[in-house]
Amino acid sequence: MTSATRGLRSTTDTASEGRQAGGLTTHGTPTEPPTAPPGDEHLGQTLKVASDHRRSLRIGRLRKFGLSLGVLVVFLAVWWLVTALEWVRPLYLPSPGSVWTAFVEANGCTEVSPTRTVCGEQNYYMWEHLIASLQRIGVGVGVAVVLGPVVGFLMASIGWVNTAFEPYLNFLRSLPPLGYIGLLIVWFGIGDLSKYWLLFLAAFPPIVIATINGVRGVRQDSIHAAQSMGASRWQVGTSVVLPSTLPEVIGGVRIAVGFAWTTVVAAELNAGIPGIGGLAYVSGQQLQTALTIACIIVIGLAAVALDALIKYLGSLAVPWYGKA
Amino acid sequence: MSFTLENVSQRYITDSGEVIHALADTSLEVPAGEFVCVVGPSGCGKTTLLRILAGFLEPTGGIASANGQPITRPSWERGVVFQQANLYPWLTVRKNVELGLKFRGIDASTRRETAEQCLALVGLGGFEDKKTYELSGGMQQRTQIARVLANDPEIILMDEPFGALDALTRERLQMDLLTIARERKKTIFFITHSVEEAVFLGDRVLVMSPRPGRVVLDEPVRISAQYGRMLDGKELRSTPEFVALRDKISDTIYEGQAP
Amino acid sequence: VEGGRTVHPDSVMAEGAGECPVEVHEEVDTTLTIAYQPIPNGDLIVRDLGWLEACMPNATITWEKFNSGGEVIQAFGSGSVDLGLVGSSPATKAVSPPVSVDMQVVWIHDVIGDAESLVVQEGEGETLAALAGKRVAVPFASTAHYSLLSALEREGMNTSDIELTNLSPDAMLAAWERGEIDAAWVWAPTLPLLEENGQIILSAADTAEAGAPTFDLAGATTEFVEANPEFMQVWTAAQDAAVRMIKDDPDAAAESISVQLGITPEEVAAQMEGYTYLDASEQAGEDYFGGTLAQDLINTADFLVDQQEIDEVNTKEAYEAAIYSDAIVEVGQ
Amino acid sequence: MTSATRGLRSTTDTASEGRQAGGLTTHGTPTEPPTAPPGDEHLGQTLKVASDHRRSLRIGRLRKFGLSLGVLVVFLAVWWLVTALEWVRPLYLPSPGSVWTAFVEANGCTEVSPTRTVCGEQNYYMWEHLIASLQRIGVGVGVAVVLGPVVGFLMASIGWVNTAFEPYLNFLRSLPPLGYIGLLIVWFGIGDLSKYWLLFLAAFPPIVIATINGVRGVRQDSIHAAQSMGASRWQVGTSVVLPSTLPEVIGGVRIAVGFAWTTVVAAELNAGIPGIGGLAYVSGQQLQTALTIACIIVIGLAAVALDALIKYLGSLAVPWYGKA
Amino acid sequence: MSFTLENVSQRYITDSGEVIHALADTSLEVPAGEFVCVVGPSGCGKTTLLRILAGFLEPTGGIASANGQPITRPSWERGVVFQQANLYPWLTVRKNVELGLKFRGIDASTRRETAEQCLALVGLGGFEDKKTYELSGGMQQRTQIARVLANDPEIILMDEPFGALDALTRERLQMDLLTIARERKKTIFFITHSVEEAVFLGDRVLVMSPRPGRVVLDEPVRISAQYGRMLDGKELRSTPEFVALRDKISDTIYEGQAP
């Protein structure tokens, strides 16, 4: 029996609630009890993916797409209606049309007078703002991705390091970025460095925590097996613990990136131009609500897209996840 | 309660669209009160068959029926014992055993009484108020059996119920099960990997072929009948009839597997 | 994307943009960061027309946008900014203990008049006294905050007599329309919107008359000023040119500012009514750098001590030392 | 064998890396393969707890406490030194002493002049600010705790609901609160309602996502077992799926509360007094750095304490977690 | 390589501070090349014993040694086969098998050759480049055995290695293991729950008592020797000697368990 037989579906399942919940899976070893899938919410686990997949097959990709589109259309229609009927002042809730216009104008040029044309917003096209923010997230989260697993490793494997620093990790995790951005600016200036720090501090704890959980979750026998094959402590670390932990680390990175997006406006409050968060904030201050909403939508879409990308790369990096 | 399969077959479709023919046309008739054991290589469709009988799965072909009624969904009249005990850890042992009765709206005092009886039957009197996770694997499995018994289904479907137990616990539970089956006259459909277990427990042993599964041997077991009395485990296993039957079944399985 | 763009390369600029209105100084090759705020005054014209860059082609200038004086002071402290726009009350705070930033006031961008006003909801009374117990919103730590506090004091009231609420200008509008606030002391673009169904009862002009003027100042770190006198001179000249443009060619000035603020030139023109702009020669005079500016700062500081906003007033010398008038005097001649 | 024999330790373990990673556990059923602990990072799982516990026993509670204290002392000492040597201006990094003074003063009264005494900061004691914020978090997260599981349940068990709304959930999850707080104010005013909404929106997605994962992770056989005992669809939901999902929901609540804390300053930017986040912000604006830092520390400590409380309550609610 | 236990005992301390006496004073001598099977009720300390021999655990009392050297930590000279295959899913089958050699710094071409030989030996020639999770349970278990064999340890410790397999696969692997043990002259310490398996495989069977575990029966198995030739599985199981020995061992286990 190969992995191809895993996560399969019956052509005519007498589907009921149970069917949607939890995948029915066959196991490579017959007497292997069906273990509950790991609770990690992030990596595509065969069970869940399989169950999604089954459902998706059942509904049909097309129907699913249609449904999503339908919801979107209904949403836009309601929005449009609310604004068209002037239930809310356009200044507060601009119509979908004017948000779209703001979006288009922010990505192009407008004539302000016969002699002058202004391009983008705040001297940058919106996509340039987005790229600037992506770069910052890239650096901040990037450093966290490098350091987080190392620290997580140390904390999980050296008792006193954990004892000493775990409280601070939990502490750090719940601090409001808006509260400490001022300190970061004082220490690191208003330039990109303080933004990197903020994004790093947002991204770091989830990755460390995920790594610690990953390391702690490594099966004892996995390690024993390596030791009995002559592995040194270092070899156990690099050949067994590290790869075992990878799925959790990737899950942690996904949480971290999501969290970094939620702090991008805070990071770009000061000297945040170019930057999509900075643009959202500045335009909000200037009561350019349509542009603010356009920015927020762009941030949301970029976040979803980036997450999908990481998920995909993760599944390439950890092809065995959920299978072994 | 009897059950029958008429030309039942099952195909699965994988994610990649591949069709897996898990169960070939299978017909079977099991009279009420019979203890049927099913053996066969891994992946031959034993569990599939059980899921169809339980009503978890509608076969892609043919009709499965219990007492002449087509099986369309799970029912308390067909109790299922899984390899894993599947107890609910948020309930005490007693509450677990009462659960089926509660689902069916039986009043509290009857529930309590029945649960106690059934727990006593499987040798767990006194453990009523324990947490399920405080029990050993064997005790959990017995609790599961008590839970199914409390519901008093006429058919009990068991999927390798003793597979995860150690040899000793396993033997004990086999004896318990035999006693219960005889006393309560249940119709039992019992899947196992162990040929010995099948021959020891069953009134009848079915051997299935590799995928697509079909019944390739349908053998009555009459050793105790031949000896005119119940034989205990050790005695039974030493009889030449037992050895012969066991070997015959093993051979059949091997043949099916030959490369 | 490289940061710090003053203009989008794809934009079509105004005529005359990028041409230095004063003498070009090739020799200035300093590197600095300028903090600016979206307030309609000459600073935005200088930025829009690229005058500093044109007049000092060898200087490396980065413009950073800020939304309040507090943020600018913070940036000063971290050494991220060398020169920038701050309101007079944040500036006073900055040079008083415990902050005591080593900085100098180098220019008055504008004297705040009707631009920052107290608007009251229709029917909520016409005097400050009538606001007793009412909810009044103001962005804390701003010049408007200071104006409100000093108006209250003159009225013999104190902050506990009203329900004082910290709101950013953008949040005020919504709160106003929903009737959650009864009054607000604020500036454009929120102010004209509140005025639509409200009434202005006081403005910074009134407070100024009563001896508590508020300004939008330019501040620079002492270190920078001392190291770059030529730069300061050219910068001041450019600011002076901008003020003269406001006076001589208000339409062109309004267009430049409108591009910077992202609103129409007409709206800009209306907003500019609320400010007084002073050229270098005016600033060099008695009322300002030539005389009372330091005292204005001290008065402000005294008041802030009363309000518990700062711990104590610095020495008189400290405030006098924080006034840098060399460039203004030179340019004003 | 009872649960008492789980998660035990050897008196003289030849400890190595492997010992810290993953707990060594005996299993109720001998042939039951040692399943990897679920990856959920939140509830105390026997395995991990056991491993923690072993370590803690080894180090000794006292030594552990001493270590934590030591780190704290070192941290404070370095902080003090940096400020005492005036490496950083006290305005930007006040000394531990002045932060403490700010904390004390914010919780008491100071005489400003012989005739005037001012109590607290912004007319409230700091603990009143904290309580105000706790109330807001209570309401916002409370509503999310009620609605989140319901929505998660619906999404996990009704295919089309999931298809229709899942994208929006992911979208919502990564939106920066600072970006949409303006819209909330427009719709719900500057009062507590908009703050509740913000905190609710921060807390809602993690709980829904956790619930969905929980429901999807329910073992098929658990459901089948109930169905074969005569459970109706509704009974399966309430008697099996709901309790099975509880641990994940509690984990989700913990994430949600942590996240809510990180957004409390954003929520209290406007009209946020009383409120510890509002106080942090206003004092930051007014350059009262010592008070800002005191607020941030209080927020962090409150968050850690609240998390510990929920963790504890969770372990009472789900005593079986990690054991079955 | 031989190994010995001298008065080895083990106590565990639970979280609650309770002391569990898992292994009573145990002494044992296993000469090089012997195939020792260990049976006993669940929780009697079999795995504890194996962990001590493997060097995963330092006994709280006594000394365990291999070839006269005290065992202080795991070593490649004592290979361990677990019930779960413990393969590394990020490595191919080949890489898994090569891993021990790699740890020990053996050069790539030797590794490759050895891995291929060992995989061929366990009947997995041609599966070298598969992902481990594409293998069935039985194949994974064989890979694990190949991995241990590749390292060529003199002692192989096996903890219920076939417990999770179906009867058929199990029988096949038993045959393979016997062949390998004979050909390669390994010292094998084999834990099992199945008395039949122990008698079938072992040169010697140890029976342990319930906690605190001690060896209560130490029985040589000489059936093939008595018959003067290797008997195949079916033949062997039908000999009276086999039945007698099996029953004796079962009885010993039962006695220990008697309430």
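Should a chain be cited, it is by its letter among A, B, C, D and E, assigned in written order, with residues numbered from 1 in that chain.
By definition in this document, a residue touches a chain if its C-beta (ideal position, glycine included) is under 8 Å from a C-beta of that chain, and two chains touch if they have at least 3 such contacts.
Values in this document were obtained by computation on a predicted structure and should not be read as measured data.
Centroid analysis (C-alpha atoms only) places C farthest from subunit E.
Interface comparison, A-C versus C-D: the higher number of contacting C-beta pairs is recorded for A-C.
If you average the CA atoms of subunit C and of subunit E, the two centres end up 83 Å from each other. One inter-chain figure worth recording: subunit A and subunit B are separated by 46 Å, centre to centre, where each centre is the mean of the chain's CA atoms. Separating the CA-averaged centres of subunit B and subunit E is a span of 32 Å. Between the CA-based centres of subunit A and subunit E the separation comes to 46 Å, rounded to the whole angstrom. Residue numbers of subunit E whose C-beta contacts span two or more other chains: 42, 55-56, 73, 84, 136, 164, 166, 193. Across the assembly, subunit C contributes residues 74, 77-78, 168, 170, 174 that each touch 2 or more other chains. Residue positions 1, 16, 29-34, 92, 182, 186-187, 219, 221-222, 224, 227, 269, 284 of subunit A are each in touch with at least two other chains.
The part of subunit C that touches subunit A in the complex is made up of residues 1, 3, 5-15, 38, 64-67, 71, 74-75, 77-81, 168-170, 173-174, 177, 189-190, 193, 255, 258-259, 261-263, 265. The residues of subunit A lying in touch with subunit D in their complex are 16-18, 20-24, 31-41, 47-48, 51, 55, 58-59, 64, 67-68, 70-71, 88, 92-93, 156-160, 162-165, 167-168, 170-180, 182-183, 186-187, 209-210, 213-224, 227, 233, 236-237, 241, 247-248, 251, 258-259, 261-266, 269, 277, 280-281, 284, 289, 292-293, 295-296, 299-301, 303-304, 307. Touching subunit C in their complex are the following residues of subunit A: 89, 91-92, 109, 112-113, 115-125, 128-129, 131-132, 135, 182, 185-192, 194, 269-271, 273-274, 282, 284-288.
Those residues of subunit B that touch subunit E in the shared complex are 41-42, 136, 166-169, 193-195, 234, 238, 243, 247, 250, 253-254, 257. Subunit A meets subunit E in the complex at residues 1-3, 27-32, 219, 221-222, 224-232, 235, 239-240, 243, 246, 318-320, 323-324.
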